[in-house]
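Before anything else, here is the set of structures, which you'll find just below.
Both complexes shown next keep chain A, but they swap its partner, so chain B is in the first and chain C is in the second.
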Partner chain A sequence: MSKRTFLIVGAAVLLFFVGAGCWNRVEIEDKAIVAGVGIDSDKENKELVKLTVQIVNPAALKASAAEGGKEGGGKEAVWLVTAAGSCVFDAVRNFTFQSPRKLFWAHSKVIVIGEEVAKKGVEKIIDFFMRDHEPYFRTWVLVARGKASEIMEAKIGLEKIPAYGISDLVSVTTATSQATAVNLKEFTGMILSKTTSPFTTGIEVFEKEGEKRLRLTDTAVFKNFRLKGWLNKEETRGLLWILGKVKSGIIDLKWSAKDGKHVSIEIIRASSRVTPEIKDGDITITVDISEEGNIGEDEMLFADFITPAGIKSLEKKKTEVIKREIKAAIKKAQEFNTDIFGFGEAVYRKFPMEWKKIEEEWEKIFPTLKVTIKVTAKIRRTGLISEPIKPE
Partner chain B sequence: MLRRLLRKIKFFMQRNFENNKPLSSNQLKTSLSKKLNTNLENIKNILNHSSDVAIRLFDIGSDNKSRAAIAFIDGLVDKSTINEYIMKSLMLDSRTALPTPLTGKKDMLGIIKKNILTAAELREVKTFEELIYGMLSGEVVLIVDGYDTAFIIGAKGWESRGVQEPNTETVVRGPREGFTENLRTNTAMLRRRLKSPNLVFEHLKIGRVTNTDVCIVYIRGITNIKIVQELRRRLNRIDIDGILESGYIEQLIEDAPFSIFPTIGNTERPDKVAAKLLEGRVAVLTDGSPMALTLPYLFMEGIQSSEDYYSRTWFSTIVRWIRIAALIITILLPPLYIAGQSYHQEMIPTVLLLTMAAAKEGIPFPVFIETLLMGISFEMLKEAGVRMPRPIGHAISIVGALVLGEAAVNAGVVSAPAVIVTAITGIAGFIIPTHNDSFPILRLVFAILAAIAGLFGLLLGIVFLLIHLVSLRSFGIPYLSPIAPGIIQDLKDTAIRAPLWAMYKRPRAINRKNPVRLGADEPSQPPEDKEKDG
Partner chain C sequence: MVSKEMELKNLTPVLADGLMPVVKGTYRQLLFFGETIVMAMFLPYLNIPQRARRSTIIAVIITGLLGICVIIGTIAVFGAITAHLKFPTLSLARYISIGNFIERAEALIILMWIGGGFVKITIFHYCAVLALAQWLNLKDYRPLAIPIGVILVILSIILWENIVEVVELIKKTLPVPFLIIEAGIPAVLLIVAMVRRKGDKG
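Let's turn to the complex of A and B:
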């Protein structure tokens, strides 16, 4: 190594040490890991934003791990802190008055928006979470029925950290497909579209055995940043059918109204296709749903189903149920005048030239939009046994 | 008082210097005289009357009128050979030997050489230089009165370690033989594996005082002769008083003495050397050391083991992957841990982060200091384990494991993940023994970089490391070949170990001439089923 290169390398290394410094080194023990956040408006001053955060308390996790929950039971796994501010960012910084460690948002998994705030509009809230580098786009967005702070205070069995429990609740909605799972990125994506209305899951607190518990509930529908109304379970699945987001779930066919016996079909796979058409200036939308399922439960004590004709009758019944769900969803959406299905986008993609004329009038077109529903439902397998269990 | 002491010390110093002049070369260059006594005196003087010089005078011939003497260094010769094939022949058989019994002074030397001495190795010398070096190498000198020519008779035989299984490179499948400290034994072990006239042992003497025998080994026709020439040039350039181990030679001839990576390989296994010779490499054997040097040495050889070729392809390939994973883990795990904990908490999966945070709660040190502490303790433990006598070694490992593992965590001095990281790192480091001495250095440097600038610093360090690695060469061969420069054909023996039948050419990086080592490029198959046609 010549003297020159030695000097250059030496200078570079020195610069590296001095220049980089320790500018954002914050050790893990100096960070307050936020698990989830609830957003309300302040009680006294309605203009203020009030945040309720769940901060993970690692010491509690440690004690419970080491001593079999002996000491850990005494300590709460999460620390609830609230702070108010003129905007979200202000409130976030105001936490430093209370928290000895700086809030760390990268592992925050849920944003729960209070009903009141949602009705007032979410535009102020979303900006911070999209703009700041710490929160993840994959954070679930939920709307509380009631106050978000109550959601943050409630507990979930099995999960030490309730916010992570909520996150898990949202991820398993595919089991029923009767609640939606919308993360920050998807939510923002829907806001960005001029005609599509955003929707997301609702969550509510209920009391059981003197304990406040949480459950997912109807789907919140927004219009122009504001909460417009709620879709119930059936309507929610109708929405998911159209969006092609039904992954699994149970279709309950009430076979005979008299004795209330059921045949349940498990959805194996489903897909949808939305095709808009313009005829003489009239727009019609065709929704094609194809679904496949297995027989999951059969309470009927006769073996008629396990014949081609029986399967056919089941398929027919199932088609009706699916159609009913979709119709319910469309009806509710048209009532709200919220295009949660993205029909406007579909028209735009297929007829970009015509869309320019329609776009401004979409508000008027959508409530009376004609939607044709075509459902192809199939039954593929009957489970491990073919005939119902009964004495021969 | 002090002055008196100083004077005394001076006096002793002067006395010590009295007889401390080295032998002048003139003294050695002189020829033998015809008088036996003069010659023997000379030998004694040159060897400084050392106590291990043995001289035996005796009479030969039927008339007992000729005097002769043998001289040798006690301990370097095989006494039974001397008794049986030298002394007995000269003193008894010479009287009756046919066709010409040894009588009078009629060309006695010729008769001794042709008729009497039954030793296999024999040569004539005329100067003291050859005579003395012969003796020092363990040969026996025979001088007959009246002749200025001496016989050097080969009767080497000294105490040495037998052929044992090498401790450093044990295998499950494969030969158990390892090199010994004896050069001849080692060359014999190679010759036994490569029975070819093309196997060349080139002899050199290096070391002004030690006169160590060094052997260049290569296979004519397979080796790139330029590498041999370069090696010869570098070896001849060495001017040192002593070579005590092949490591001396390695350090004196290597390409990049400042690099932390070795550019010359070493091994204790003759089968490994034979395999490397067959690939076209050159080996250097050093007397007094069981470690053979092989060159050129490439980075990839670190993850190759002789057993890879003895086991079947699939297993060998998996083992290669494990070694590569270990290589990455042992260098990068501690820095990644530091970077993740100090800078990039968002990149750690949530549950893992919570576990880490829980473990870190109440630990007094930042993660870098913590990891450094554990790393240094581990290196100390390793060093202590090597240097300590074997029985104490166990005690150390128990204390080390208890203190490092249990107590430190329980006392809350270090966190459990740091102990796990250090343990995995240490174990992974042992998987690739050839590079193991460069790992702790890399680990330390990367850990510092990660502590200063997170993943950014770590990445910068890796880039510098790669720049350094690609700039290295071993005897003209790029160190990272066959990866950089890419030689597609040679990749068959890197991350995968292709089936032997598919490796029908020698590595192109080393050897471009005479590349074919295998006849057919296809696996063995059962013969075609004849009945199917008929």
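Let's turn to the complex of A and C:
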């Protein structure tokens, strides 16, 4: 290759990288960055979708940082805007009547679905967020107990942008494993399955010292796009045990009902295996849970558990508690007839041939499905002290 | 980079509906591997034609393996959603998130696609020009480059009205004619060449 051709090719390659970027650039000042969105239905006009979005106000964020923690010059870090439309995208574009900048969705971290909308069905909502190129699959999906707009209006301490605070709330659910964290991708995956029912965490507003605050609550369970019911904390952890999604959390062993003394165990790791079995046309599911934990707190001053035999009795008790949680979850799910555990998928994966016959009847099979629960719970360590603190 | 999100059980059951869906999928995929035949256009211009066969085979194997890796990764992450995604690889790159810090790698994918598309269009364009020049017995292929380029651009605009038509064409219409062009005609040429050479010798 002569020197001249080399130069020409080099220039062409350079142009290829440098010259391609600018034809549809948008300056950041022209974007209204959405932090989170709440979806309600509009009461006055029945068919309409009403969106409440939190738009980040970069100026306020900057101002408060400069003032060193003081409220940013009276300015709010987010701007709440509400718009209605006949469908989600219509409502999104209708924001431009109020917002001088077009909404930008790539940094939106939560989608809060109002309870009413969830009861009517979420099929109208999901498509836009999956189809449009701006929202991300990692956006958390939540269901509001009550109106989504109220969730969007409430505040979270420590966080300037409430929607990002909600996103962090969902991220730290692993600390208790009593609330679920479901993002858009996972939610859609569950919708696409013929048998698995989608679930996601709920969120509610409560009032404290005259201020509206947020907290995560029960788990919302869906059936065919529609909100079917709620799982409480215990049932939620039962669900997470089966899914193998328990990362951490406290197992509270109430030892004596009389004086309400506890020993609590911190879950260190847990895993699960779901094994379906077909015998003479009857399906049974075996759930194997193996869990390891450390003693986190011991109030039982009179009983000495820090012996091999004591640990064994704790392990036995812990096994019972885990079993109870799982049973509660299964009972509730069978009541709702919602296969949130993906048992149907498990059967399909193991017995694809037989599944074709069962598939249509799964609705009838699931509520009476026999589930065997096997739990192996271990206690490994006792923390920084050995015997409980008590007068000798 | 998304290995944390992968659920290998998404890959099962293997061959649940028998072998037929796989064969059908392979048949469509053949189109893209069949395009390797354009390399035959370059054979007479290579410095060491003897090595061409080996390099082509290695290239096909590497591309195939990379493709399989990407597909396995996508299905392990997205499961049933994969079938609904228009650009699974792009979605996969968008899903990357390492420590809430390394995110949104789709720009890289786009860069690679545009680069790859550029190279591919260049090669096909060159081949078209070269073939036309040989067919018309021209001494030089270069005067044809710009007219053919103009035709390519026009065709790219008027051939399809929307992306659904493009996908439908690739899925339903193209396999048969493409296989004839990519495999049938070269095979016939090969047989003719072999017969002729025999005749020469005899």
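Throughout what follows, the second predicted complex is superposed on the first by the 363 of 392 C-alpha atoms of A that agree within 3 Å, B and C clash if a C-alpha of one lies under 4 Å from a C-alpha of the other, contacts with A are read in each partner's own complex, and residues count from 1 in each chain.
One rule holds for everything that comes next: a residue touches a chain if its C-beta (ideal position, glycine included) is under 8 Å from a C-beta of that chain, and two chains touch if they have at least 3 such contacts.
This is a predicted model, so every value here is computed, not measured.
Looking at the shared chain after the overlay, A:L192 reaches chain C, while chain B stays out of its contact range. In the superposition on chain A, A:W362 makes contact with neither chain B nor chain C. When both complexes are overlaid on chain A, the residue A:V56 reaches chain B alone and has no touch with chain C.
By the document's definition of touching, neither partner reaches A:F343: not chain B, not chain C. Contacts of A:I33 after superposition on the shared chain: chain B is touched, whereas chain C is not. Taking chain A as the reference, the larger set of touched residues comes from B, when chain B and chain C are compared.
Residue contacts after overlaying the shared chain place A:Y164 against chain B, while chain C stays out of touching range. By the touch criterion stated above, A:W255 is placed in contact with neither chain B nor chain C.
In the superposed pair of complexes, A:F95 makes contact with neither chain B nor chain C. Judged by the touch definition given at the top, the superposed model places A:R138 against chain C, while chain B stays out of reach. The residues of chain A shared by its contacts with chain B and with chain C are 16, 20, 106, 136. Across the complex, chain B is touched by residues 1, 16-17, 20-22, 24-29, 31, 33, 56, 58-59, 61-62, 65, 104, 106-107, 109, 134, 136, 161, 164 of chain A. Of all residues in chain B, only 258, 341-343, 345-346, 350, 353-363, 366-367, 451-454, 456-457, 460 touch chain A in the complex they form.
Interface of chain A with chain C (complex): residues 16, 20, 106, 130, 136-138, 185, 188-189, 192-193, 348-350, 352-353, 355.
The touching residues of chain C, counted against chain A in their complex, run 9, 12-13, 16-17, 78-81, 84, 91, 94-95, 97, 104, 114-115, 118.
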